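Chain nomenclature is as follows: A, B, C, D and E, assigned in order of appearance, with residue numbering initiated at 1 for each chain independently.
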């Protein structure tokens, strides 16, 4: 089972277990991890400039200047030094920093007095495998910090849209950028789900064609995949819903975001609805598998029955005439052999006729 | 499995995946799709006139004239140019336009300041197949815009009722027209469900008569159909319920609609209740199938047992007398053969009696 | 499956489908159906008079006279003319009239400004079959109209109680009469459920005694019956609950009804609780059936094994001595035959001993 | 199945059915049932006196004297005369009296203006069987009436505690006595559940040791027992919860009861939690049973296969040499017999080796 | 089944049953149990002192002095004398004392006027077994009393942190200490769950490799373990949630605890989410087991079929030529034997070809 398509469950547990006994909010020292690559942009409707030497301190300076929206994106989880800088420059709570560094992820929304923290999980298809990586978003006044673990940078489409002076993204504030990032993450889930759906359909076709041992493994794997999808998507839906309800309650979430978040929520509902359909299909696969195995066994038994029940009585007849006992009739009669062979043929044919009538042989195999 | 009766799940996913990276609210260019056919009516209690050259702009002019209720119906999804005209003339939000053009549909209700947007899915029986097409309704002051994808126009009965000056439809306002359209969609679902119920009953009869491989495919197909019905009808019920609760809260939904929407809600409850019953029946089909397969195997085994267990001991007896060894009793006795045959007959009959007593053969097959 | 004990599901669907395209609230013309039989009573604590020529207009006159409670009972659904008269005389909403005439029924409560409409379904045992017929109740100030489809009149006990001047029914107002009618309907469900419970127990005993094909049909039928019971009783409970909550909110439902409706609600809870227990029992029947089939197959296989495995090696031994080859030992030895037979007996007995030790034969069959 | 450990479901239904058509609140005449045995106590912190000739009227007199808390306990359901006396003396609603006399019981709480009525069910172990009997409690100002159907009097521990002047029971008011009675009933459920748990564990051990037909009956019986436990305990939890919420709302339920009722509620939660665990265990039993049956069948088949597949080819070889045809090789060769026997031995051994390699024979049976 | 990894369910029931008839709040006399070992600390930001002779009275004195936070930890449940001292010194309700001494445990929160009582269950891995022991926390003004049953002291990491003057634990008040204790308990659950997850994965691998009887026991054991985990973790989540909601409502729970309790709640959600995934995996194991058993049976049957169906007809042919009857063709023909052998070879080969074509033999076993 080396070809797990998702990160093993055990990894999370082990990482979580290694925190035992530590004070909450303590950052782990990862042993000289190199700093994450940052990208810093400042944009307003008139202009959009990318900073040459991005850092968390530089972002804080730009924010203080109050000249447009600042977007700091980190490819990869920042190392300990960067996280401490992030905490100091923007007053981020130690527990939030621990969440960013942490090993267990599940979409969630946390609102603090001066910032909003969003965590979600990005599903991406990499070399035919689905990868789940955490995606963190921090929203402050005129500032968005996004942190995406893993090599694949899904945010490039936003860079292109920011270059375009007419784009809605450039006209709007930081809250809209958060929405645009979430929209990207949600849209990423569709091709991943599409790939899974395709695999399930292939498996179903295969099950209906012929049956073999590896299919149990595949069905069990599909069930595990469903668990992972559910684990990723259900909290995402919850989080978008809670974000929706926080509009107007938190000063950073303004009410002009509402129609967009409603639309986003619809998309998460679509994902969950597709996932629910897929669950019903997958749970039917085991039934198909078992009934196909049953059918094959039944087919085999049928052949055994026919051959055995035809020849066992005939062999008995030959046994009779093989006895060395005296007085067996027809033994030396002129047409004795012909009579015996005819009798045996009649027996064989009438049994075939009986099996046929019971529908055990020569039946057409219908397909609905 | 080429005879899927519903649109494949994959289609939706693929279409949705193709939107990835696009700014939300962007309309796709479908490559020169021809404009949808429109029909424009204006009616008031005294008169009902059909417009010769219908367009979204003409509808806007009629509305501005404030002389009765205006109903614009589009057969087929409008193309990009038409959708943009619709957006400009009536101030429709880009996300609503994207929903109309979109590939994934699920009944929903969205209320905006100046209009109400309703989406639902129409189930229609076309050439023995059930088709699911999206149906969009926009309600503004004195204006209803309805958009039905697909060739079949379900709205003709409303045209007839509008011709009749006494009809309640003509006496009432735009909200009642929305109700009448929804009522049509809900009523369409009954024959589709009836067809499905009939198929399930036929399948059940077939299962109880004889068992074959194609039935697994048919049962799995019925389960998929249930998923589609559920996917279409459950959000419809939710939407009608939310429409009901929006009465009095949105200025376009007036309280005289309440008894009618209550009635509509009852109909959706009936649909869901029928669907739930059907689910219980379908989930029982797999049990029947498996137990019929089991029964057939058991029947086959029974015959094998009887034939084998009767003839194997007899063949052993013939083997004894076929041995070339000296000293076998009765070998040359006068009535030796007769005694051996009598012995074998007694053995065979006592075994038949035993099987009979265990109820394995010659049993009546009762039907409750 | 001609012996369905309940009305087929298809009937409802077909009837509902025939309304497609009709304006809501339109009454169907049933083709000269004769009017339903009416019974009209007026009672007050001092007196109770039955009207000779009952009609809806006469009931309206009696109501206008304000001299006691008026009860109009219709045996059978009124025909179109009667329904229209009912609508005009008492200002009943067209959708309510459509509900009374309608083909799909489910217990519900609808409150209008001047009247309350209750629909429920009556379960009655008729000639060993359970019949489900709709029962409609309209409550206006000092007036109750009850409409029971079907021949069986369950309301006669109330007539007797009304004759008795001391009866609480006669002392109280129209609301109490509605309660008394509902109480009748709920009490009718107990014997129907009792009959079903009895059938399930008989089926269970039968399953544990011997197994045959007809039992799958019976189990499936029991599942369908459960669906119907659930379909009838669950909305009834809901309706009684909503009636309970409407007390004090609607002027026609006075607060002195509360303890009685609480009691009625308890009875519906009892029904649902019994139904839930029955569902668990029925869902266990399929398990019993499958395991009994399995057991029988296992029994048959055991016998086959024993006979075959004992005689096949013995037959092999006779085959050895049946060979025409030279040099077979013991062939012409004095006690050759006795030695061979002894050897075969030892082989047979040791196999029997092995099977016995494995618990495959001669085991006691315990019953817990 | 004569050894049902609980009262049959049918009994309740039949008794309920016998009330059909009766006016609600009517007491049935049970045909000269003798009056129930009463016990009447009056206590206050200083004293506790038992009344010599207890009756409902005497209890009313004591109450009127306002000298302490009065507790009237009835062993067995009062007969009709007593119930009528109870109704008159304390103003108990006819529906409450019907509930006390009634045949269907489920824990519930009913609050009236001048009294509180509690019904619950007492589970007691009697001669190795679990008995379910109804227990009724009426609370009025300074008065508690408790009615326990059945011979076993569970209230004796309370008598002892009342004799003790320091006991909290004697210091407190009537509400605390109600709590003490409920606490007794809840505590009674633990040994009943313990007995059931023990039976299930014994059954599980039995299933894993050997498999026989009676186990299906036992599993089905355990499922039924679970239904009864659930039917008794779940409404009990609900009732205690509602009692908890009624504190402060009804004048008879004072707020100093709160911590005690909280504790009681915890106990009912414990019961439900244990019951839920047991349900999971019981639902796994059928799986074990089926897989054990399957295993046994598989074992039997394995032996059949080995014996048959070894001897059938060997018998074929003897058949070859038993033919009377000319020209069979080795027939008259010097070591012909030895060669043939050696050949057959090699065939047999290589088949045994193959079966062994497939893991079909001689495998160790591991236990995890 | 002697190797139960968790405390048996029966133990709880029996202990609970032994309380029957006792007045609530009565402490049991455990027969001379020795007192539990106590540890008493007083700390404030400047200092942290451990008391030499800890007792409940000494803790009360230190509290009265109002010089910092007092933490009293008891390793093992205090005996009766200690519990009574605890009750008197700090005014703890008798029911709370009974809960501490009690035998049934489930996480819960109880708020009293002057203190808060928290109960939860600690999962710890001891010698390869998971142990569940109750953990009690009492919070008063400036005082925390923690009581942990069992030998393993999980609180030592807190001692280390208290020695560190910079630690957040030392800076904060008693409420933060309660949070730190709960955080320890929740973190303990991760390695226990990790161990369980590992066992399930090993079991799954084992199932897919080969199938044996002990696996049913192991699967059933895994189901029971899931029940215990659920029983421990679900109320823990509930309790943390309720603690969260009590912030601000109870004066001892101050609002600066909120972000920490939110974080703790996230951890419990993670635990439940992992547990839910594990439940889906475990419920799939039985399916795998059954289908593997089915597969093995099918394999065995296939071999039986092939051997039997090939040799039974051939043996029949030898039987023919073994008959002593006259006139059998080829019997004395020159190449008779060669012709017969060739015929039998052709029959055998064509049957092998047929089986091959049906896919019953020589098929590749694919692995997805």
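To be clear about the criterion, a contact is a pair of C-beta atoms (placed from the backbone, for glycine too) under 8 Å apart; a residue touches a chain by one contact, two chains touch by 3 or more.
No experiment lies behind these values; they were computed from the predicted model shown.
Between chain D and chain E, two chains of identical sequence, the interface residue sets overlap only in part, with shared numbers making up under half of the total.
Per-chain Cα centroids separate chain A from chain E by 26 Å.
In whole angstrom, the spacing between the mean C-alpha positions of chain C and chain E is 42. Multi-chain contact residues of chain B (touching two or more other chains): 290, 294, 297, 301, 304, 308, 312, 315, 319, 322-324, 328. One full turn of the ring, starting with chain A and passing chain B second, gives A, B, C, D, E.
Within the complex formed with chain E, the residues of chain A that make contact are 1, 9-10, 12-14, 16-17, 19-25, 93, 95, 98-99, 104, 106, 108, 110, 112, 203, 210, 212-218, 220-221, 223-224, 227, 231, 286, 289-290, 293-294, 296-297, 299-301, 303-304, 307-308, 311-312, 314-315, 318-319, 321-324, 328, 330-338, 340. Partner chain D is touched in their complex by these residues of chain C: 157, 161, 167-169, 180, 183-184, 187-188, 190-191, 193-194, 197-198, 201, 204-205, 208, 259-260, 262-263, 266, 269-270, 273-274, 277-278, 280-281, 284, 287-288, 290-292, 294-295, 297-298, 301-302, 304-305, 308-309, 312-313, 315-316, 319-320, 322-328, 358-360, 363, 365-368.
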